[in-house]
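The following pair of complexes shares a single chain, chain A, combined with chain B in the former and chain C in the latter.
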Partner chain A sequence: MESTMHYALIFFVFILLKLCVTQEDIFTEELLIKPLNTDTVYSHFHFTIKWETPDSDFSSHSKVFPRILGELIERFNVLELHISLTNGLWRYEKWGYPVVNAGPGGEIWSWFKENTISIDKNWKELTSVLSGLLCASFNFIDETNTISPEFSFRPQGVFDGSQSVNSSYLKYASLPREIVCTENLTPWKKLLPCNAKTGLGSLLNSGYIHNTKYHSLGLHLRRICSDKLCTKTYLELQQTVSLVYDSKTLGARNWSLMKFFGQGVLNSCELANSSTIYIDITSNSSNPFRLTYKPDGFITSIRGGSVREFVKYDVVKNGGAFSVGVDYLTKPEIAITSPSLIYAHQYLSGYGKENGGLVVKITNNHWSHLDVVLLQNIPWYLQLYLHTLKITVSGKELKPIKLKFIPGKLRTRYHQLEILVRIPAKSIARVSVNFDYTFLKWQEYPPDANHGFYIPSAIISCHLPLARDFTGLPQDGTMIRDSFNASRSGYLVQIRTETLIVTLPTPDFSMPYNVICLACTVVALAFGPLHNITTKRFILKVKDNQNIIDKVKRILKLSFKKSGDK
Partner chain B sequence: MNTVLNILTRAFFILILSTFTKCQIETDWAKKGHTNNWAVLVDTSRFWFNYRHVANVLSIYRSVKRLGIPDSQIILMIADDMPCNPRNPRPATVFNNANQHINVYGDDVEVDYRGYEVTVENFVRLLTGRLPPGTPRSKQLLTDEGSNILIYLTGHGGDGFLKFQDSEEITSQEMADALEQMWQKQRYNEIFFMLDTCQAASMYERFYSPNILAVGSSLVGEDSLSHHVDPAVGVYIIDRYTYYALAFLENVDADSKKTMAEFLKVCPKRDCISTVGVRKDLFRRNPKDVPITDFFGSVRPVELIEDVPIEPITLSMNVSLKQIPKKYRYIPPIVNFDQFIK
Partner chain C sequence: MTKDKRNYQTCSSPWVKCIYGRLAFLCLAAAAIRYWLIFFSKYQSLIADHIEVSTPLNAWKRVKEGLYLFSIGINPYYGDMLHETPTSLFFYQFITESLGLSTGHIFIIFDIITATFLFLVTRQYMFMVYIEREENKSSYSKNIEEYLYTNENFRRAPLYVAATFLFNPYTILNCVGFTTTVFFNFFLSVFLYLLLSRKFFLCSLFLAFCTSMSFYSIILVVPMCLHAYKQFNGNFRAIFSMISFLVNFLVIMFIGHLLDKTDSFLENVYGFIITVPDLKPNIGLFWYFFTEMFDHFRELFIYSFQINATILYLIPLALKFHNDVFLLITALLYISTIFKSYPCVGDVGLVLSLLPCYKHLFNYSQQQFLILVIYIISFCLGPIVWHLWIYSNSANANFYFGVTLAFAVAQIFLVTDILFVHIKREFCLYFGKKSRIGGKEAILVLE
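Up next is the complex of A and B:
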């Protein structure tokens, strides 16, 4: 009897172990809603899948991890992949920092593994596959608009301890003009385990997403530690959607899931290990509001010197349909919010169709100096003059700590400028550089050449010492939950500036036709007289003064003569 | 004895008949002449004032998708972004009607070629299958000799050409040659070629490959006209021919018995103002006998296999989970500045 018990126990333990082992895919879904200021509300969807697979050859079965992405990173030997498709500009100055930074348009960067044979080939094929997967124009990425920045990007996931970071395995490209619409959201949603049918994903209805001030789709693949000692790894996929709703367009200040997405949460995704909604209620103290639905818990997060209050809703626990929201109790008070610690803007200078300039203004609001890395990725149709590069802080010139410039080449390579600079406390650094506009060949102009040509946004990376307005996840965190009380030595932000449009000297495309017509006319006019002059001789002809009767007589005489000859 | 024989023969007949019908059900799809359906839907015009062309192409997209052609077998080319255009007062929608009955853009749309990708070169490469290596499947026309293809083009045309993106054009000869190349490469069984442009008939006049049924919204010398303006959008929102074609297709479902002959009569001159042109001489079948679902619907070959032992999939977890313990680490998120400061 005892032995049977023993066996049963062993069997039970075995089953338990087996369960632990087969629990290889962990899927969590989260929604963070944060009122940014009196007018705007930020909502961020965060879907995370963790999959325990070996480093290579993970053609094994996965429960919820999208198979296509697994195949893709294996085939192209990808270590890390980050994709974002964004419409609108994140206003760092007023809105603080988003959970995931993304520049306007399409952005993609990828780290390849050290044993990759041909990175360029893999990169080209990877982008074209992704263009098919996400219905985006990533196939326009080639070696001409790809860069490998040395200082701006580091692998966000884990790295083999014995190796050092080598930026030649990094490829970065951006498509500032990329439009983002339902056709991108549809395939993105299909990667979710519950396919946007149930759970938080069901809130993502295209009509309600594209009427926002800012919307950004993200797809981030990396490897993270799966144990304390970091000897094994998970493959992690973060799928994110960031939206900024404007209460002016919604019509009222009070908001709810119903108003944002046209529906509340109807049911929960069965495949999700957890499904949670967090609302940042810190602004309740300045603009009091009432929650329309009773929360399941309160969270106080002390992180990097800032205290934030959250409420939590557990979708699974709440079971059926529900909608969360807030009703404001008082009239809006325009709260004076202090601007973020660091923010940046980019604009054009110069005049005319020949000389232009590019200026990036970085504002440091911190009481101490900040170290930043500025990355500029400038198209080859602008010819940059490095000697005009100037960094000034209130009129005084500032020397960069390090400067790396890879000059662009006409039609083959973008300019890549990386500047490491230490911005003094409470100051504005102005980085300016001059360039010339280039004439393109007439077939290089796009069909709507008059619209202008885009300059991608500059990227300013900074490791902030304080977490004020910071919502990002810590490097070792995978969920929004991990960002609560996550004080670290620094908080990385990668600010994207505005993209710019330049108007290159655009020819009148009917010009060739006009030129042909004009040239032909000139040639004809010149050729006629010249041909006459050179081939004909002028002979003096005696003018006869015969009258008509004489002429008739002569003709008759001639004809008689001819008939007589016969 | 006689009765017994009679019963036996009857039983035999019934047996034969039943097996025969069984066979017939199983191989029904194989006898139809085509084994799969594809659609190539192209809008060739850029710029906001050509909103109607996007609405046109999305109307057809909606119909073929509704009638059963999966997204993987629809190549949708749209030259400009109308739904998420800043000028669109209703983001992520395209309506074919000022009353906004049908959002033709829908909540589930996959555009395969968009923006600058819509060029004559890409279109001809797509048709003829001469695509650069590494082209994703969604951008390929993977048809075979059993494929029925619906090709729909809309944009601005003239006598013998169709403009792409307002900067280049495909001529009727190039179009005819591309189709001939498709035929020679056994890339189609039958093609239904639909055009909604000005002087549409001029585009199919030069066709010389077999099994093509062509219809154009106007004859040579005629303009195709648009249907109506939506004051909220501020531009014409659909062309007449496609508007009536969609109205017809909305009443068609996957089991419909409607024929191509009925579809070819869509939009008579009093509705269209232009004359709808039809070219039947290359087509071997009589359009009266061709169900409309031969081009707008999809064959779904289903083979019923019986008595197949199903074994549960056993996951070899121990094999797949074998991770060689290595020491991993997180990289500091930003480069160390002190190393550069002397």
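Up next is the complex of A and C:
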């Protein structure tokens, strides 16, 4: 009887718990592999956690959502958080567009909720915490290198409050000098529910993924609607890894998971609701290959005027260990790939360390004009002359539709330049602005002063009318699955240009004492005579004819006399 | 006053001769040189970009940037590019947009007007010296004719001053490089003219303009009051000139406040001059000193250097040279040119052009040759080592620092030499060129 009671009680508690914990966590893992051209392959890991949460108390219950991030969001009143750590440069011209855009180095931007009291303080603390969490140099972010762009960024999820977006709740910073390595990957992997032990996460061996031409870690937090009416909101965490492998470094054109990651998929993550590998086989028609493992399904995606073919592998269904790959049937031909719709480059002009120019070249390959927003985040050690800003398209000057400029200030604020400009069809726009180099104090130079100072990449945002070469997710999508057949009115790309290095003129670092002494000597040179002139008066004095030689002679004479007397 | 007038009438013979023709000729020739450099040679932008010519304080490029930012609705003082007061900016906007002249013409015209005013200033000064000579002739010692100005000196000095201003390379570069120092020099020359013409209200107004443009001119209040006191023999005028200066200055600041409601111009103009945040090299001593300064001593040395450039020598020199206000002004201008935080060749050009007023002292100065040589060498060597450092990477900052040090030393020698010779002359005027006491050889010493 008693035991039945016990059982009943336990059952009751269990039901109660089940009722209380209504939140559900959905974890999906996906891998998209896409051959970019004849010798590069793009693989993109996409881990998504959706967590239905109350508006507060994130740290309470979660099945798979990393608790630390929940605490962080609650503590700093974060609405959205986007972090990327990247090594290498995504070649938009040849490779098309990645699923997630990221600039070289570290990049972080965050939207704070509208009831945040001190955004600057929260931002500083948030970056410091993230610095510890991801072992990156985010602690070097402060108000001097943070900007709040007005046109370039919008919240990607739902946000409460009025219709208009107030960019003062946005903080953006980038660290172009950040070097991304294993020390960032390891803590990043720990945020995954299966902790890179099982499932697709187990492919991420640091020994292999740092051999790539381009690798980028991403962490994106936002709020999304659970249904069309948005009755409930989910907290969504996307963890992404983008890798571009070069067949030249791999040694062969044929690729497989074994070649990329040193191992195939060994087992599936128990916590994952789905675990899928997609391979883009569209290039099969021009560059035929054979899949080494039989796929579980075929997908044809018609999106924004372009048709793409995919094969699908379900990791859970396949059960045990397996590896997918591709064997090419023919020798590589010179593929004629048309360049992407829009791409951009950034470079420096001028010579010497006195005046220079910063140039961004934006190429529009589309058959109609494109409206783009160019965001330049220029460090204060370049003194910018806005009146020299010139936008030219094949020699003709172009007027920006909108221009927002927040001038920088020495040692306190970066320049923030945002230009909305309409680039005519099939043309190259050249945006140039001149600057002066700044001479810093000797203690402001880093230890390797002649290495140079970095200029972050410019960001060019554009809504593409076509989805050619576009792999990004639609704004309402959370998984790669959602990007199939997802035709929309426009496809947002945010292109990052190259980061640049400028070498500022340096003083002689070994000279402080000498310089202080010499300059003070010159000051004293003035002080002495002026002091004499103003405080003393002329008098005539009898000239003492005896100079030193006479004196010496007299002394010698005297001493000789004495010795002679003896 | 009446006495002066009489003197002028009776002794005006040295000025009767028409020298305006020559002045006009000089002005035309100088304008032609400037015109050629600005409009027909390719050197204009090269000169304007040179650090000896354009400092962060006076670069025309920055004025253009400020006017542009202002025109698109951005507060130019929010950034770090503009270090001119709102009133100056308003003035530049007026002269560039309303006069309908190209920038080059405006700079040439202002330079020529400055030269004319300097000509008039020197004439006034020579007149004052003449009166002093005539009045004190009786008390002078015998056989000191060589120490006195000749009538020839009196007549020629204004032309010499104008010519030195118009043709010395420093002012030519300054004008061709489009620096706002051209306007500062203009205001300063008007101030000097009004001061020597004893129009104290207007004079204090122009001094207020100068002070609002370059903070260092504030030290000229002392000679102004001194002159007012001397000329009218009473405290009233001295105090009046001081008060009217303060009122004028405050009015200018208030207009600045009306034009820039945020008042950030105060920090961006005066804070910038005083705390020296931009360490771009110039011909002064500040840039490398504060580049290499240890952070915890920075403030101490900023205070001491600024005091050194302004009030350190002000009182002693004012006490010593209260008889000759113009010499006092020259010395003060010279010292602030050497020691100010952002000096440029325009400042040097102006003080150099005042030197012919003291032509009678040149024969006795001891370091003429040395000074001349250093001036020439630093003028040539400065741009060369700058090029080696910044463009060809084969020299470093020390080279340029060496040149600026030498230049500062030359200027210090020049000013101390002139002052030294001046007091020696004063002594000789009253005590003669005695060189023997009781049959023994004697020498002059400072004690």
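The criterion applied here is as follows: the second predicted complex is superposed on the first by the 485 of 566 C-alpha atoms of A that agree within 3 Å, B and C clash if a C-alpha of one lies under 4 Å from a C-alpha of the other, contacts with A are read in each partner's own complex, and residues count from 1 in each chain.
Keep in mind that, in the parts below, a contact is a pair of C-beta atoms (placed from the backbone, for glycine too) under 8 Å apart; a residue touches a chain by one contact, two chains touch by 3 or more.
Owing to the predicted nature of the structure, the values given are computational and were not obtained by experimental measurement.
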- [ ] Go through the superposed model and pick first if A:T534 touches only chain B, second if only chain C, both, or neither.
- [x] second
Open item on the list: If we overlay the two complexes on their shared chain A, which of chain B and chain C does A:V522 touch? Say first, second, both or neither.
Closed with: second
- [ ] Figure out whether A:I401 sits in contact with chain B (first) or chain C (second), or with both, or with neither.
- [x] first
TODO: Go through the superposed model and pick first if A:C230 touches only chain B, second if only chain C, both, or neither.
DONE: first
Open item on the list: Touch test for A:L504: chain B only (first), chain C only (second), both, or neither?
Closed with: neither
Open item on the list: Contact-wise, after the overlay, does A:V433 reach chain B, chain C, both or neither (first, second, both, neither)?
Closed with: neither
Open item on the list: So in the superposed three-chain picture, is A:L36 touching just chain B, just chain C, both, or none of them (first/second/both/neither)?
Closed with: neither
Open item on the list: Quick check on the superposed pair: does A:N205 touch chain B, chain C, both, or neither? Answer first, second, both or neither.
Closed with: first
TODO: Report the residues of chain C in contact with chain A in the complex, numbered from low to high.
DONE: 49, 51, 61, 64-65, 67-69, 72, 74, 78-81, 277-281, 285, 287-295, 305, 308, 312-313, 316-317, 319-320, 335, 338-339, 389-391, 396-398, 401, 405, 408-409, 412, 415-416, 419-420, 423-424, 427, 431, 434-435, 437-438, 440-447
TODO: Enumerate the contact residues on chain A facing chain C in the complex.
DONE: 351-355, 380, 383-387, 403, 405-411, 415, 436, 438-443, 505-508, 511-512, 515-516, 518-519, 522-523, 525-527, 529-543, 545
Task: For the chain A and chain B complex, residues of the former touching the latter - done: 18, 21-22, 24, 52-55, 58, 60-61, 87, 124-125, 128-129, 131-133, 135, 137, 139-140, 150-151, 154-162, 165, 179-183, 186-187, 205-207, 209-211, 223, 225, 230-233, 371, 373, 401-402, 420, 422, 446-448, 461-463, 475-476, 490, 492, 509
Task: Complex contacts: residues of chain B adjacent to chain A - done: 46-47, 81, 83-84, 90-93, 105-112, 114-117, 134-139, 165-167, 313, 315-317, 319-335, 337, 340-341
